[in-house]
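Shared between the two complexes below is subunit A, which has subunit B as its partner in the first and subunit C in the second.
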Partner chain A sequence: MKKEIKIITKNWGRINPNQIEEYIAAGGYRALRKFVAEMSPQSVLEEIKTSGLCGRGGAGFPTGRKLECVASEKSKEKYFICNLDESEPGTYKDRSIVDNDPHMLLEGIIIGALAVGARKAFIYINGNYQKEIEILERAVEQAQEKDFIGENILGSKYGLEMELFAGAGAYICGEETALINSIEGNRGEPKARPPYPTQCGLFGQPTAINNAETITNIPWIIENGGKAYAKIGSKKSPGTKLFIVNGAVENPDVFEAPLGIKLVDLIGKYAGGIQAGKDFWFAQIGGSSGRLAMEKDLKLKLEYDCEAKIPLGSGAVLVVDKTADIHELLLSWTGFFRRESCGKCVPCREGTFRLWEIAKRLQDGEVSERDVAAIQDILWTLNNTTFCPLGKFAATAFSDALDNFRDEIYKISK
Partner chain B sequence: MKIKINDQDIATKPGETIFQVCLRSGIKIPTLCGMKGIHEGVCRICVVECGGRLMTSCNTKVSEGMEIVTESEKISQARRINLELLWADHAGKCVTCKKNQRCELQNLATEQKIENFHFIPRKEEMTDHENLDLLKDNRSRVVVDEGNSCVSRTTELCVECRRCVNICPIKEFSFNNRAGDVVVGTPYEKPLDCIFCGQCVKNCPTGALTDKNDLDKIIGELDDLKKMAIALVDPAVLESVALEQPEIDSVGKLIGVLEALGFEKVFDLGFGMESALEKMAQAIKKSGKGNLMLSHCPSFNLLVDKYYPQFKDNILDVANPDELMAQAIKNGYAKQHKINPQDIVVISISSCVAKKKDRSGNLGYVLTVRELGRLIRQKNLKLAEIKSTGFGKDFAVKNESVKNMAHAGGAAEMLAKKTGGEYIAADGVPQIKNILRDLDKGRIRTKIIECMVCPGGCVNGGGQSRKF
Partner chain C sequence: MITVEKILLEFDPEQKNLLSALKKINAGFGYVGEEEAQKTADYFSIPFSKVYETASFYDLVKTKKQPDLVIQVCSGANCAVKSGFKVIREIESQLRIKAGDDFNPKVKLEIISCLGQCGQGPVMVVNGNVFTKVTPSSVDDILRNYI
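Presenting the complex of A and B:
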């Protein structure tokens, strides 16, 4: 195996997350100093664009382009938001970042915010992450003492205010417009787009919203240059990514691996392979909303590519072995979306509820002809007519399971 | 900008939505959640196809070169499934529903020819034991609110279209809970205690929000030969009564219909308006103070009571026209015609919902236009055969211009002429809020202030009927 490239995890386990001095001693805040001393916001945007960095939250939108959109808006007030509302089941990468190296995230936020011309940055954190909220509060305080946040950062003309905003742990609030609604004090529901948040976001001002993992890559890019970053990983989406491997593997954990890694390598080389005595059945890529990778898909490259058969999503990989009960899985997926739909649009509110109801009957073996027809209808309408992507997510895993294990699912039905 | 709709070239202006363009060009697109000016795209019924993708026509703006199809298999499939899902979340007690035949959900289901419903209703009261078993814990909680005298509310029939949430000027309603458990309700499900302008009732597509009244009791009183039922007709009612029953196209016809319903006498509310104006003019002259607020909008009185108690003393102490006229009937008229006042029931046909609240003993009932329509439908009147007549001889209106009071600013203008002062008029809660804020800061100094909660005044009141 080649020497591993570590970008996000380079300090993990080696520094104390509660001590800013240790991060600085490990080379931290060098990128910020570099930016303040010798770079302009435009050159930062250029570097990020050259790096080819794309959003790690799931959609994979090029970060450089997003930031440029916000930077080019002519508005006095602009906002930068770090999306830390990680609530996809089986995903805990952003949480691990905060647990191990909060200052790298802060450094990324500061550089990103200053590059787009924002004077206020928000960290929208999942309200269930109590420990992480404490870590971040302390980290922000320490960074303020060291003059990395506040008026005249490091004696320059740049100024930035940072606010930690704890949500109430709703899945939908990871969606940009719902997140904005939540910070504004409204109910966490998506808004119609356009206008996009980059033009008219938080409080009607241009807003850049990025996933925490995306932002954590920024300091490295600034320090080493966008070209160096673009050489890592796959051509379509350069860089490394945090993969969270769960389920029937020997060593479930968060791993940093270059994008474009094959699924089989991720399971075999990083996660220690399938647990002894168990057989691989399928893997779900990207949390509850992810698609299913069957045995024949093991050679697939994991990367952000809009034409990919299996989208990478948040990077969570759930390995399922043959002892698992598909009905229980269906119930768990549908139960999650039945709880987490915001209830705004009809197909998602009613569809997720009905799907869960039918999944319960499937488990009890009470499914009727009527239900079989209804499942098709619901999956179709979730896929085609919902207000925001959540409806589509709710249908993905269920439809994939139906395509692959139709017989197993209906086996015990009358 | 040019777009293609169903292979037909149509010129559009930038900023228009697909729905607006279609409406303008005579292409019908069904919708449930949208209403004038507010389109949230929640019901997903107004979908159209553009480049193979389904999108909601109500909140998608047109762009150059769009090719839109408004009817296809995909579209009708989407409409069918979403309507079925919605229907299963609705109690579907059509026959006994107050909104029967005036329900947009019912109309849509008829229009889209939905015959089979695949999902088990979860709000219906189940009698079948097998079905009850299937429902288990899936029944959603139904909130019934009958705690006030104006609006009755039941989430059993609610389809969560958010119209009331959007139209309510004081934001009384919101979504409670999440996902499949969503109910539209007041904060903490407290009984509704708002300003009762009735705009939510007017815009509700189903029977979730309805006028509160005991129509059976009213029918009983109308049929009771011992009792004398007197109708007061608010001139604002004529604005929309034809929408409820197209045959009623004039005042004369309306009076004829009311008489056929069992009203012994029908009077013009114009008389009440005249006496209310007279009393307000006297009060203004007597008071000599400035910034006096007219009291004929009961909703505004409630607004001040609830949110701006500092202005309570500014409101004139004059009852609304309906009350004044009922008083005159029960006292003068009854004595003159030697009728026991207890045998007289005064029923006001009005475009106002808030008038139902805090009535004195004189005014028996207030019927909105919608309730009048329901009464006519319940009685199965053959409207075509009813002849036009005129108002009763008593309580003649001296000056027809008094009916301007139903329009925003009308009363203030007339009073200003009478008393020789200046005035400010506002309609709609946002305008009222501005004026009251300015007043609080001392930025306004005038003689008369008229505030009407319904935008445009009573002609657009919460009790009016609505075009479907």
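Presenting the complex of A and C:
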């Protein structure tokens, strides 16, 4: 195995997350100093573009291009939002970042916000993350004392205000337009795009919204240069990624691995392999909205690529062994999307509800011919007609399960 | 004594503070009732329906008085493969309730989405206290402290 490259996790377990001094001693805030002393916002954007960094929340949009869009807007008021509303089932990478190294995230936010010309940054954090909210509050306070946040950062002309905004438990608020609605005090329903938030976002102003993990990569890129970053990982999407491996593996945890890693290596080399005495059945990649990888897909590379057979999503990998009950999984997926559908559009609101009802009947063994026919209709409708991607996600795992385990799913029904 | 007025005064009456104010009222009173919502609407100078619209959307803000015992169990896929549903069925049979029922004034069993503690599932929350690695046989021990 090659030497491991650690970007995000390099300080994990080695520094106290509540002490800014320890982060500084480990080389922290050097990137910010470098930016303030010798770089212009344009050169930061250039470095990020060269690095090929793309969004780690699931969509994989090139971060450099997004930031550039916001930077090129003429509006005086601009916002930078760190999306920490992590609520995809099975995903807790952003929480781990805050738990272990909150200052690296803050440094990334500061550099990113200043590069696009924002004077106010928000951190939108999942309302259930009480402990992490406290850690971040403390971290922001310490950074203010050290002059990293506030007016005249490190004696320069740059100024930045940072506000922590805790969500209130809605999965859909991870979608960027819904997140904006939520901060503005509205229901967290997605808005039509365009206009994109980069032009007309929070309070109608240009807004850059990035996932917390994406932002955490920025300090390293500024310190070591975009070219060095582009050499790591796969060609299509460079860099490393946090993978959360769970389920029937020996050593479930959050791992940092280069993008482009094969699924089989992730499970075997990082997570310690399949638990003794258990048989690999399938793996779900990217949380409850992710597709299912069968045994034949184990050699697939995990990377952000719009043509990928299995999209990487949030990086959550759930390894399922043959003792699992497929009906319970169907109920888990459909129940989740039924609860979290925001209710704005009919196909998703009704579709997720009916699918959940059918999943319950499947578990009870009472499914009828009519249900079997309805499943196809509902899945098609969810996949093709919903307002935002949530509806599509709701159909993904169900369709995959139906394609692969049709017999198991209908076995108990007469 | 905490009052709605005192809580509201901590916030500037801008709409971006609405959700935070509602959450704080919810934390103080257990829910945001009609009276509290009306006071919030007056303070923010927005219609009552606007306050209710926002309050009713979010899981962490309740618009009805909650039962004394609220049990929540995660049913995310990670908890589901570790017999999360068996835990739910065990609670249902022990307390003779159904998950999702909303009419019992004393106890409620809710199925919730992921809390980000998947490594230690199944996760169960009783009146705000989180229990991890719950098994059908440990349900009894946990609930005994609350009944």
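FYI, the second predicted complex is superposed on the first by the 414 of 414 C-alpha atoms of A that agree within 3 Å, B and C clash if a C-alpha of one lies under 4 Å from a C-alpha of the other, contacts with A are read in each partner's own complex, and residues count from 1 in each chain.
One rule holds for everything that comes next: a residue touches a chain if its C-beta (ideal position, glycine included) is under 8 Å from a C-beta of that chain, and two chains touch if they have at least 3 such contacts.
Remember, it's a predicted structure, so these values are computed and weren't measured experimentally.
*Asks:* Could you let me know whether more residues of subunit A are touched by subunit B or by subunit C?
*Replies:* C
*Asks:* After the superposition on A, what does A:209 contact: first (subunit B), second (subunit C), both or neither?
*Replies:* neither
*Asks:* May I ask you to decide whether A:320 touches subunit B, subunit C, both, or neither, giving the answer as first, second, both or neither?
*Replies:* Touch partner of A:320: subunit C, not subunit B.
*Asks:* Just checking: does A:15 make contact with subunit B only, subunit C only, both, or neither of them? Give me first, second, both or neither.
*Replies:* After superposing on A, A:15 lies clear of both subunit B and subunit C.
*Asks:* Determine, under the contact definition given at the top, whether A:374 touches first (subunit B), second (subunit C), both, or neither.
*Replies:* A:374: touches subunit B, not subunit C.
*Asks:* Touching A:48, do we find subunit B (first), subunit C (second), both, or neither?
*Replies:* Neither: A:48 stays clear of subunit B and subunit C.
*Asks:* Considering only the touch criterion stated at the top, classify A:351 as touching first (subunit B), second (subunit C), both, or neither.
*Replies:* first
*Asks:* Just subunit B (first), just subunit C (second), both, or neither: which does A:341 touch?
*Replies:* Touch status of A:341: first partner only.
*Asks:* What is the contact status of A:192 with respect to subunit B (first) and subunit C (second): first, second, both, or neither?
*Replies:* Only subunit B; A:192 stays clear of subunit C.
*Asks:* Jot down the residues of subunit A that show up as touching in both complexes, subunit B in one and subunit C in the other.
*Replies:* 170, 187, 189, 339-340, 342
*Asks:* In the complex formed with subunit A, which residues of subunit B make contact?
*Replies:* Where subunit B meets subunit A, its residues are 40-45, 47, 54, 59, 61, 74, 77-78, 81-82, 84-86, 88-89, 118-119, 138, 159-160, 162, 174-175, 177-182.
*Asks:* Can you tell me which positions in subunit C touch subunit A when the two form their complex?
*Replies:* Residue list for subunit C touching subunit A: 15-20, 22-23, 53-54, 57-61, 75-81, 84-85, 111-119.
*Asks:* Applying the document's contact rule, which stretches of subunit A touch subunit C when the two form their complex?
*Replies:* Of all residues in subunit A, those touching subunit C are 86-92, 95, 126-129, 165-171, 182-189, 203, 244, 246-248, 252-253, 284, 287-288, 318, 320, 324-325, 328-329, 331-333, 335-336, 339-340, 342.
*Asks:* Using the touch rule from the top, collect the residues of subunit A that touch subunit B in their complex.
*Replies:* Touching subunit B: residues 170, 187, 189, 192, 194, 337-347, 349-354, 356-357, 370, 373-374, 377-378, 380-381, 384-387 of subunit A.
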